[in-house]
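Next come the structures, one after another.
Next come two complexes built around chain A: one with chain B, the other with chain C.
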Partner chain A sequence: MILTQRRTTILFFIIGLVVAMLAGWIAVPAALYESIEQPLGFSHVVHTSDDAGMECDDCHHLTSEGGFAGIPKIAVCVDCHEEAIGTSVDELKLVEEYIKPGREIPWLVYARQPDNAFFPHVRHTRLAKIPCEQCHGDHGQTETLRPLKRNRFTGYSRDIWGNDFSGITTSPPFSMKMSDCVDCHRKRGVRDSCLACHK
Partner chain B sequence: MTKTTPKKRYGMVIDIDRCDGCGACMVACSLENNVSVVPAGAAPHRGLTWIRVYSVTNKKEYPDSDTAYLPVSCQHCGNETPCVGVCPQSAVDVDPKNGIVSQIPERCMGCRYCMVACPYHARYFNWWDPEWPEGTEHLLNPGVTPRMRGVVEKCNFCHGRHHAAQERAASEGRSEIEPNEYQTACAEACPNGAITFGDLADKNSEVAKLAAGPESFQLLKSLGTEPKIYYLTQRGWVRDMATRTPLISKGQSHD
Partner chain C sequence: MGFSVKRRDFLGLVGGGAIGAALSPAPWKGLDDIAIWTQNWSWKPRLPRGPVEVAFTHCGLCPAGCGLKVRSVGGNPVSIHGVPGHPSSTGFVCALGLAGRYFSYHPSRIVEPTIVGTSGQRRGISRKAAVRQLGDWLDKARSGGGHGSVAILDNHPGRVRSLAYRGWLATLDGVHIKGLREDTPINRLRTMLDGPAPELGLDIARARTVLSFGAPVLEGLGSGGAGAHLRGRSDTEKPYIVQIETRPSRTARGADLWLRIAPGTETVLALGLANILVSEGLYDKEIIAQQALDLDGPGGYRELVARFSPKQVSRITGIDAATIKKVARRFASGPAVVIPGVDPGGGPLSAEAQTAAFSLSLLNGDVGRPGGVVARRAIPQEGQLADTVELADVPDGSIRLLIVDGAAGGCAMPTSLLKRKLNPSEGRVVSLSPFERSALHGADLVIPSTTPFENIDEAGVPIDAPVDSMGLTVPSMRAPDYSVDSLSVLSMVAKSSVVPTITELLRGRSDRIHAGGRGSVFDPSKGESVPLTEFQTNGDLWRALMGGGLWTDTSAAFTCPPFRLMGANAAIRDRLPQALEQPSTADRQAREIVLMPFGWRDAPGDGPLPPVMAKLFRETRLRLDSRFATICPKTAGELGFAQGDKASIKTSLGSITVEVVLDPAVVDGVVHVAVGPSTEAFGDASPGKGDQPLDLPSCKNDDCWRVIPAKMLEVVS
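For the complex of A and B:
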């Protein structure tokens, strides 16, 4: 009798735990983040293939002052896409809606940080020799652009908070929170005062 | 707070005898650091400026009367920094590597305890949402984040310029910046060259030599806060006034 009671107790505990875990790791994040599609399809694989023959820094380069150019302007796309290459829907949309009227493509940035964060790419890539993939993951090898998961309250991308709530994933991209920056700065013994990264 | 010996000690020497109170430093500072404009008619003590030029007189009749101008910003206290100790939010810290006292508005909850604790009245509170006169938005500095209503702000030695200098240095493969790559806006703007900014830890720098000179003194030195802003003057009465008595009771501010 006592044994059955104990079994029931354990069973209810496990059910409760599973429900709480599912709620915390799946249901709440799903409700908290809205999914927004990019304005245009884009394949990194096609652009870096042998046919197109582009390198990463053809588009994502550092400026002479050390700043990071980020996502390229439409002027870079025009070099090849002045006329439509092929007949895909996205290609026609690119030429008709953006290139011909000279409009910039309103790309959604997965790694957009708050305005008060100062992140000099050049110090991290050139001095600390941190590969892009450590923060951005295998984005450069993707065939499609995933939708941006945007926090309904704060407007920040889920990439900042991170996709891994359990903390057991060992492959990038990791989260890009302040605590992540501080952890790495302390490990490497570089400045970790407020003003080191806040402007 | 300090974990390691400071590698650098950024500081400033202000020559009072060269300052004619024009206020160019205040304007340059506000432009550099996106200091917002408070509504017209606001009470003088509710204004925003990271560096304020005080005028003090020797209270004598002509021909013995004399006036001196003291630009006062955050003094970047090196010892027992009063604002750091009182902040309940840890929104203020002293950078152990360069001695700059920071103020992080996103952490500040607006209790203004630091303003009470600061003996130099160098901290200012945002009583209103930040606003700039129409047509001046393009003058905003993208390297500095504007502060929101309800938080305290103060001088941080133009830290946006420090960031920019670091970024430029890194693009040339250097991790440290050269002394001539980092200057504050007030030092650059002063038409009389009254403000000298640099690394006090570097004994060969101009700022260290001036600070070690016989004419230099620190404001309210007796408090033991070890400010990293030094002043120079040959006028004895200015020195007596500035080192012994609280500024605000004796001086009048430019508003």
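For the complex of A and C:
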């Protein structure tokens, strides 16, 4: 009788353990992030192909003062897309809704850091020689833009926490939490005081 | 046999769930998200996004007018730096200037016009109603009073805005009152010269000796960075600095010689030094013979200073006779600058002390020679202007309407002094300050104006600038709708176009400078100056100034005119011998205590502190605020106080409660308390929350409040 009772308790313990782990690893991540589509389809591969012949820094360049230009404005797109190239839905949308009215495309940024973090691209890419892919992954090789996964609580992109919900990433793209910044700075012997990033 | 769930099973389920949750990232991620969520509530202000821009301007927080490089994102300044090579500030910016952009968001900022109602409570009103009320009071003041019944207290005199004030006041038979600044005493020297005198400046950089009566020479006096340059120069190049001060200030500690003088005895020391110069024949005999109008004869300067023997002076000032002689001989050895200091909190020296101090410059032949007092060329002005006077020269009870300009002058003044100048029954005060500050406590009406980084204006010409200059405080952020330019207020009240806009005035001065064709213009983006003659049109010069450029004049030859060593004012002349009647230092120690308020040079005397500085003050005690009283251990012991004790400092007007801080460098019998908002009362400038020491002097008979007799009592809880 006692043995049966103990087995039942163990069974309940295991059920609780499994359910909680499933919730923690699968249900919570699914519920925590909302998926938001980009306003327009865009293929990096097409633009960097031999036909188009563009380089990454044609659009994502550093300014003369060292600032990062980020996502290009439509002034860059208009050089080629003043008139529609092809008949795809996205192409027509680009020309009719953004190029002709002169409206900027409200791209959703996967790697946007919070306002209180100062992140100079120039120091990381030029001085530290960190490749873009280390944080941004193989974004330049994608056929389409994936939806932005936005944290319902904080508004942060999932890319900041990292794709692996455990928060541990061992291969690019690495997560971009404050602890990741600090770890990397310490590993490279770079100043990691609060004021280094929070100015 | 049926299946039943026991309590033990339920606990097993919960335990398993807890361990399962702990083995998943959900709790840790949840904690992280909650922490971030609390930082991103919807009502928290968000930084703007937009293009990064760099612009050049000048600081308007004090008369130093340092050159600034402002970096903005989306039109909002995010950082401020100095401008290397700037002719005046040479790349320096003080802590206050670096944090200047925070003033626009300061919690003590006034966001609507307010008026004191019949119940004595301040309440908000519309701008239209405020202007109408100001107009009514103006009409009443004009109809009920004569000359000087309407006055403007200008906290930053010398700007073109000041000329507009004077032009407006000329139509009302009003007076323009110069607010207190560190260069105010130099006007005393001008009154000692016979006939019209030019604008004067101190050539500290080329002086052999600097005789400073409490001036913050090494803490940012005059142009930004001057103190740092003085400290950085080699001993053979830099002037010998003699600091005459009661308080162990940074300048006192860094000076070549610090004379720890008894409070309020500066007149005695200055005349004692003059005694040695005259008796030993160390003065400039040629100039004195030709230009001095009152050296000899009955009641002359020679007769006056003969009474101030080193022995007598030593007895009163507490400085030994040998040191006094040594200082006098050093002073006479070459060009020297005498600076009767204006403390940001303690105010100016007495009029007779200023006169006695400047008589040393005249004796030494320093007026008009490099390394002494130099003259600045004037830019011609147009139109009829009202008289401009010092507050001390305004008759008591004469003002029926006083408008207080909103500029930051850097010096605080006791409310009791302003009240004394007002008509007792009908005197009204209208403040145009953007912040709650001590001077507001007596204001009947407040119409908030813009902060220095929101409005175009003219930067100051610092006291140590040997030549005139013009730089603009180009706005680097948009002024909020609730603030208004002071000239716009006058224009609304005048109901006509009599009052020009500030841009018209600045443009007019720029055009007159261009027409003069003198001097050079510094380009902050290139770090170099070009002659003014290279600017083809006046529009070119205006664009350069709007780009943060600085025009500087050429120096002018100046021959010292005839002068009076005891000044032209008979009342001051009569008071000079009375300085000997002060009690000796030994007698003074028997008295209870002398309260000497003071202000920090890098904190606005009567204005708010930016948040980052308040944090520094509070957390590090780098600057002791108005909650602390510094006193020497000997005096404290005699009065029964120890370090950290609470004490009440009391005068006939009230009392303040302070914490005792012991410092053996403070002179016996003196207690120092800083003026300015208490950092504990951050954002709250209501009475009793800041500027406390200035609530204590009565200012009944004079305009000097740096020496206040007081009692120091134990706080009874």
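Following the convention adopted for this analysis, the second predicted complex is superposed on the first by the 177 of 199 C-alpha atoms of A that agree within 3 Å, B and C clash if a C-alpha of one lies under 4 Å from a C-alpha of the other, contacts with A are read in each partner's own complex, and residues count from 1 in each chain.
In this section, contacts are C-beta pairs under 8 Å (C-beta built on N, C-alpha and C of every residue); 3 or more make two chains touch, one makes a residue touch a chain.
It should be emphasised that the depicted structure is a prediction, and the values quoted were computed from it without experimental measurement.
Q: For A:62 in the superposed arrangement: first (chain B), second (chain C), both or neither?
A: first
Q: Can A:126 be said to touch chain B (first), chain C (second), both, or neither?
A: first
Q: Looking at the overlay, what does A:28 touch: chain B (first), chain C (second), both, or neither?
A: In the superposition, A:28 contacts chain C only.
Q: Is A:115 in contact with chain B, with chain C, with both, or with neither (first, second, both, neither)?
A: Both partners, chain B and chain C.
Q: Regarding the shared-chain residue A:36, is it in contact with chain B (first), chain C (second), both, or neither?
A: Neither partner.
Q: Quick one: chain B or chain C, who's touching more of chain A?
A: So, of the two partners, C touches more residues of chain A.
Q: Looking at A:14, would you say it contacts chain B, chain C, both, or neither? Reply first, second, both or neither.
A: A:14 contacts chain C only, not chain B.
Q: Given the touch rule stated above, what does A:193 touch, chain B (first), chain C (second), both, or neither?
A: First partner only.
Q: For chain A, which residues lie in the overlap of the chain B contacts and the chain C contacts?
A: The overlap between the chain B and chain C interfaces on chain A comprises residues 65, 67, 115-116, 199.
Q: So in the complex, the part of chain C that touches chain A is made up of which residues?
A: Answer in residue numbers: 5-6, 8-21, 23-30, 32-34, 36-37, 39-40, 46-47, 52, 54, 79.
Q: Looking at the complex, which residues from chain A come into contact with chain B?
A: Touching chain B from chain A are residues 62, 64-67, 115-116, 118, 120, 122-123, 126-127, 191, 193-196, 198-199.
Q: Which bits of chain B are touching chain A when the two form their complex?
A: 93-97, 100, 102, 104-106, 143-145, 156, 159-160, 162-164, 166-171, 173, 175
Q: Note which residues of chain A are touching chain C in the complex, please.
A: Answer in residue numbers: 5, 8-21, 23-25, 28, 32, 65, 67, 114-116, 151, 153-156, 161, 165-167, 177, 199.
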